[in-house]
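Each chain carries a letter (A, B, C and D) given by its place in the written order, and its residues are counted from 1.
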Amino acid sequence: MDPTKDQLISLYRTMQTIRLFEERIVDLYARGEVPGLAHLYIGEEAVAAGVCAVLTDDDYITSTHRGHGHVIAKGTELEPMMAELFGKKTGCCKGKGGSMHIADMDRGILGANGIAGGGLPIAVGAAWSSKWRATNQVTACFFGDDSSSNGTFHESLNLASLHKLPVVFVCENNGYGISVCQAKCTPVTDVASRAVAYEMPGVVVDGNNVLEVYEAAAKAVKRARAGEGPTLIECKTYRWRGHHEGDPNQGARYRTKEEIQAWKEKCPIERFRKKMLKDRITTKKSLGKIDDDISEAISEAVKFAQESDFPAVEEMYDDIYV
Amino acid sequence: MDPTKDQLISLYRTMQTIRLFEERIVDLYARGEVPGLAHLYIGEEAVAAGVCAVLTDDDYITSTHRGHGHVIAKGTELEPMMAELFGKKTGCCKGKGGSMHIADMDRGILGANGIAGGGLPIAVGAAWSSKWRATNQVTACFFGDDSSSNGTFHESLNLASLHKLPVVFVCENNGYGISVCQAKCTPVTDVASRAVAYEMPGVVVDGNNVLEVYEAAAKAVKRARAGEGPTLIECKTYRWRGHHEGDPNQGARYRTKEEIQAWKEKCPIERFRKKMLKDRITTKKSLGKIDDDISEAISEAVKFAQESDFPAVEEMYDDIYV
Amino acid sequence: MREITYCDALNEALRQCMQEDDRVVVLGEDIGCYGGIFQVTKGLLDEFGPDRIVDTPIAEAGFVGACVGAALTGMRPVAEIMFIDFTTVCMDMIVNQMAKMHYMFGGKGRVPMVLRTNIGAGRGTAAQHSQSFHSFFAHMPGLVVAAPATPYDAKGLLTEAIKNDNPVIFVEHKRLYISKGPVPEESYTIPFGKAEIKREGRDVTIVATHALVGSALEAAEQASKEGIEAEVIDPRTLSPLDKDTILNSVQKTGRLLVADEDNKTYGFAAEISAIVAEEAIYYLKAPIIRNASPDTPVPFSPPLEKAYMFGKEALMESIRRLMAYA
Amino acid sequence: MREITYCDALNEALRQCMQEDDRVVVLGEDIGCYGGIFQVTKGLLDEFGPDRIVDTPIAEAGFVGACVGAALTGMRPVAEIMFIDFTTVCMDMIVNQMAKMHYMFGGKGRVPMVLRTNIGAGRGTAAQHSQSFHSFFAHMPGLVVAAPATPYDAKGLLTEAIKNDNPVIFVEHKRLYISKGPVPEESYTIPFGKAEIKREGRDVTIVATHALVGSALEAAEQASKEGIEAEVIDPRTLSPLDKDTILNSVQKTGRLLVADEDNKTYGFAAEISAIVAEEAIYYLKAPIIRNASPDTPVPFSPPLEKAYMFGKEALMESIRRLMAYA
């Protein structure tokens, strides 16, 4: 199950694409080009990259309010994605959804979700659907640590385990709700420890180590495809920026600078980059080339978004019903 | 913490009151005197009796759709209770609530509840309230096995443990939702095993053994009063009759006669009665006297209810607002 | 034509749709061997097995949300929520997911699911099992809301709901389950957004829903004996709403009575009234009367619950009041 | 009088009520050191500590239900639900518990709690963070629904809500948080069920809520320049609703415009229209016009969201339409 060299490079590329994409959003948001709420994923890239790397194009994911990383990792093209964040007609959702509702049915992305915990039952349904339709598809369900306090977590894990559904629950534990730290949300230290309450395996992984994530996800996906039921994976990670762009001082109202700095030193991309170079998987130069390609693709996506039209006002009334 | 002789007799009296009360309801329901939905508690008496025996008058309980037992055990008088089931003006709720909404603020009964799982957050609030008001009150929260599949279970146990609230969660596991057996509702065998997910103690007791229930409840209440937080107690028991009066063949659509019979042989009252006689706590005669007194009290309650007036039609518009 | 009950008509619609299309599955509490609390799913477990007739735990947000996810990915699930009162425990899945996904995703995902539930007082089940707040769903853009009043409509609307690509809140009525009427054996659909004129009349328009359609027809019969001809319109779907049929009728009769079991204030009846006040006021010869449930929770006590409900008598009184205007 | 923002007015009401009465506690997400997503609870944690200003996990059914239980047992809790859209995840606790207990228990228990939340589009937050379905709560017997339009009303109504023994859904408005107006420093209350005539006029009645009160006043100023005098009525509480003030005004003006941000169909505006169509139709000189949000989810794209919203211009157009009738 060890990733091949190509796969390793692909993991890097995914993480770096997310990082550079998000960094561009910081700038675009500050300039007012990306409106609304942008919840950035910087610092958590290894989770989306590691999990989505073991999924096929046919597999499903449900995403969250902090969904850009998942969407990129699952393979949506940057141009329609960027255009969606701009609210343009060429966006994945024709500009109607924006950051919190990006979806891409062609790639099994069943939507970001503005409701914390809202994606879990939907993931259960997608997994149930592949069981009913007797396909081999697996659903990966991303959700945050604080969202796991919601009743949907309980109902969903119970149903999924009861019916042995092919779903992988991925808790992205970045230690905080918006400003509320985990210790104020729940008495448990590990969300994954709750797996026993549903008779499913629960594992904690270093969410800033893409290979650990990859490995745990590969195992869970294998189990799911074999019809053995769901797994709960908790990835310990951290968001570097505020809850959303506009959160004052990148969330320094509720987190210390030291804490933020300590996590930055555990940067998932930097760590992986170092490891790849040390293991001689690739060279600095190749990685530099990848970075440049990504930057260029993002610039093109921005250009595409900027040059695209807004939807016509009458389109407001389209798509309410089929 | 061993119950005194008086306490033992009181446990018997409570269970028998519930049993005889419910048996009378069977008859009254069949005659159409008690309308609506009557969910009877026959077979589960030891749970309410054992738990409420360790509560004071000031303590709170939240009840369920199957609430007559809890209400009797917590000390509501039979007359207003019976009158409520008849929909009479003299009922606990002036006839407005009926079986599923019996409440008695004077005895800390915060209401039966027609919503499965609806009582859990309310219990958490009552417990929080005693913490805020710095009283010594404890809240006992009754709920069924199937109701524990609801999201409110998760949210409530998490909040209660997080804030170390003085609440005792009492799961009455009678093996069924309405017709759906536990194995079709959840992969876990013991609901109490879920306590670990909330870092609280979880215990399974024989819910047909009133002394076991009593003991577990006493321990949990002590812990709660000491500010050490909640406990989850699961009482394994069984309902003898259908889900509600009117459930065809006492639920034989989904349960075998053998299963029902086997549980009847574990009758909590009969077992306790035998034990008391064996331990020479009391005599057959005294128990017979208690039974007679209870029957008479129930007859009086029925008479009271029958002779009471229905509310005047205009009263429909009262009590919507304070 | 053979006559069957509203309940059996619904059952037949489910059965025929399940026979025809493997993608149709049903999820709910006690819908298996129990046959559903109101027996709407009776026998389906035997015919289709536990994979397609799924008894669920009390996890409405979980299984309704699962229906959304399944619908998005190629299934056509039907969820049963035992009483409309319990839609409150899965309201997010209805309002924020089921209703909005198609729109939020720019038309790219579809949620072809049906959520069956029921309204109505009259069974002594008090405030948490007797509500009628169907107008809330009709108020939510993105949802279709069906409201069958007869066995015929029950079967045809449910078949349409299952075959339709939009999410549908299918609002049945408790007291109607045992009502009988003619129903074709073969499968058929009734289009959404087409009201039916259940009786023609020139003097007063009654827009009625659910059980009140029957009451309105009875009242109309009686009124007829008094020389008043009432037109009874059943919208059949509350959303989309067939405004034209209502407006045309009011233009003819000049008098409007709206009869619906939701609570009066901010309820269904208000919208019908407002549409007419906005678009056909000049045709009115009288104020618009609403007969709706009182603005109180449903009381348990039998005489109070009886007073809470209303039917033919209340409608007759309103008809007479309307006719008092020249 | 000093001028402060709507947000600060709410903050002051909370602070004063908490100073005065130990039973007042506040629960919600990010209301502590973060000060609430809209800063309404800013500084309260420092003053009252984490026992009374309780940051909760994302467990709305849990903590709103806990407020119900606490209110029943002697506390006066205030819950903050970050956006009205999220009331869907705790709807049972609101609709079946908070609203109904007093009634179901025959008047014997009281639920003196407040659930604060907010409505309104305009911040680019799309379909799940921009809704305005306040009429649903007003539709539920047992709930008081407050809808402050000014800083003055915000403080007075919130103070009343906290002191009142009924359960209150307190509906704030996102775009108003930064609006400024005169607010007394001392504590005061505004009674429920009393509309305020924010401007007198003889030609047309505008019943407006929330941010549209401001738009209506602006439109009235402009209309005045055209010789039209509009009366602007702010109901301030949607339930109880002050029908009399509205009916009296319509009897005077003969023209009614209702302006509210809920979706049009089956929304708030329908009820106002229906009341007038039922009780004052003979005074009307024109149809009743509703200016409400379109029947669509709120779109993300800035130009679409802008088109979704409406204000002074739309109201002016309606006023002119109404005045076209003699």
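We adopt the following convention: a contact is a pair of C-beta atoms (placed from the backbone, for glycine too) under 8 Å apart; a residue touches a chain by one contact, two chains touch by 3 or more.
Quick caveat: nothing in here was measured; it's all calculated off a predicted structure.
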Exercise for review: Taking each chain's centre as the mean of its C-alpha atoms, give the chain farthest from chain D.
Suggested key: B
Exercise for review: Mind checking the centre-to-centre distance between chain A and chain D? Centres are C-alpha means, answer in whole Å.
Suggested key: 36
Practice item. Let me have the rounded angstrom distance from the C-alpha centre of chain A over to the C-alpha centre of chain C, please. Key: 40
Revision key, fill the gap. Flagged in chain C as touching 2+ other chains are 56-57, 59, 61-62, 85-86, 88-89, 92, 96, 103-104, 126-128, 141-142, 295-297, 299-300
Revision key, fill the gap. By the touch definition above, chain B meets two or more other chains at residues 93-97, 101, 113-115, 149-152, 154-155, 158, 162, 184-186, 320
Review point. Line, ring, star, complete or other: which describes how these chains touch one another?
Key: complete
Review point. For the complex, which residues does chain D have touching chain B?
Key: 23, 25, 51-52, 56-57, 59, 61-75, 77, 92-93, 96-97, 101-110, 112, 141-142, 144, 164-166, 240
Review point. Which bits of chain C are touching chain B when the two form their complex?
Key: 29-30, 32-34, 37, 55-62, 85-86, 88-89, 123-129, 294-297, 299-304, 307-308
Revision key, fill the gap. Chain C partner, complex, touching residues on chain A are 60, 62, 91-97, 101, 103-105, 110-111, 113-115, 118, 120-130, 132-133, 139, 151-152, 154-156, 158-159, 162, 318-322
**Study point:** Partner chain D, residues of chain A touching it in the complex
**Key:** 35-37, 87-89, 93-98, 100-101, 113-117, 146-147, 149-151, 177-180, 184-186, 253-254, 310-311, 313, 315-317, 320
Exercise for review: Would you pull the chain D residues touching chain C in the complex into a rising list?
Suggested key: 61, 85-86, 88-89, 91-92, 94-96, 99-100, 103-104, 126-128, 133, 135-136, 138-142, 238-239, 241, 262-263, 265-271, 273-274, 276-279, 281-282, 284, 286-290, 295-297, 299-300
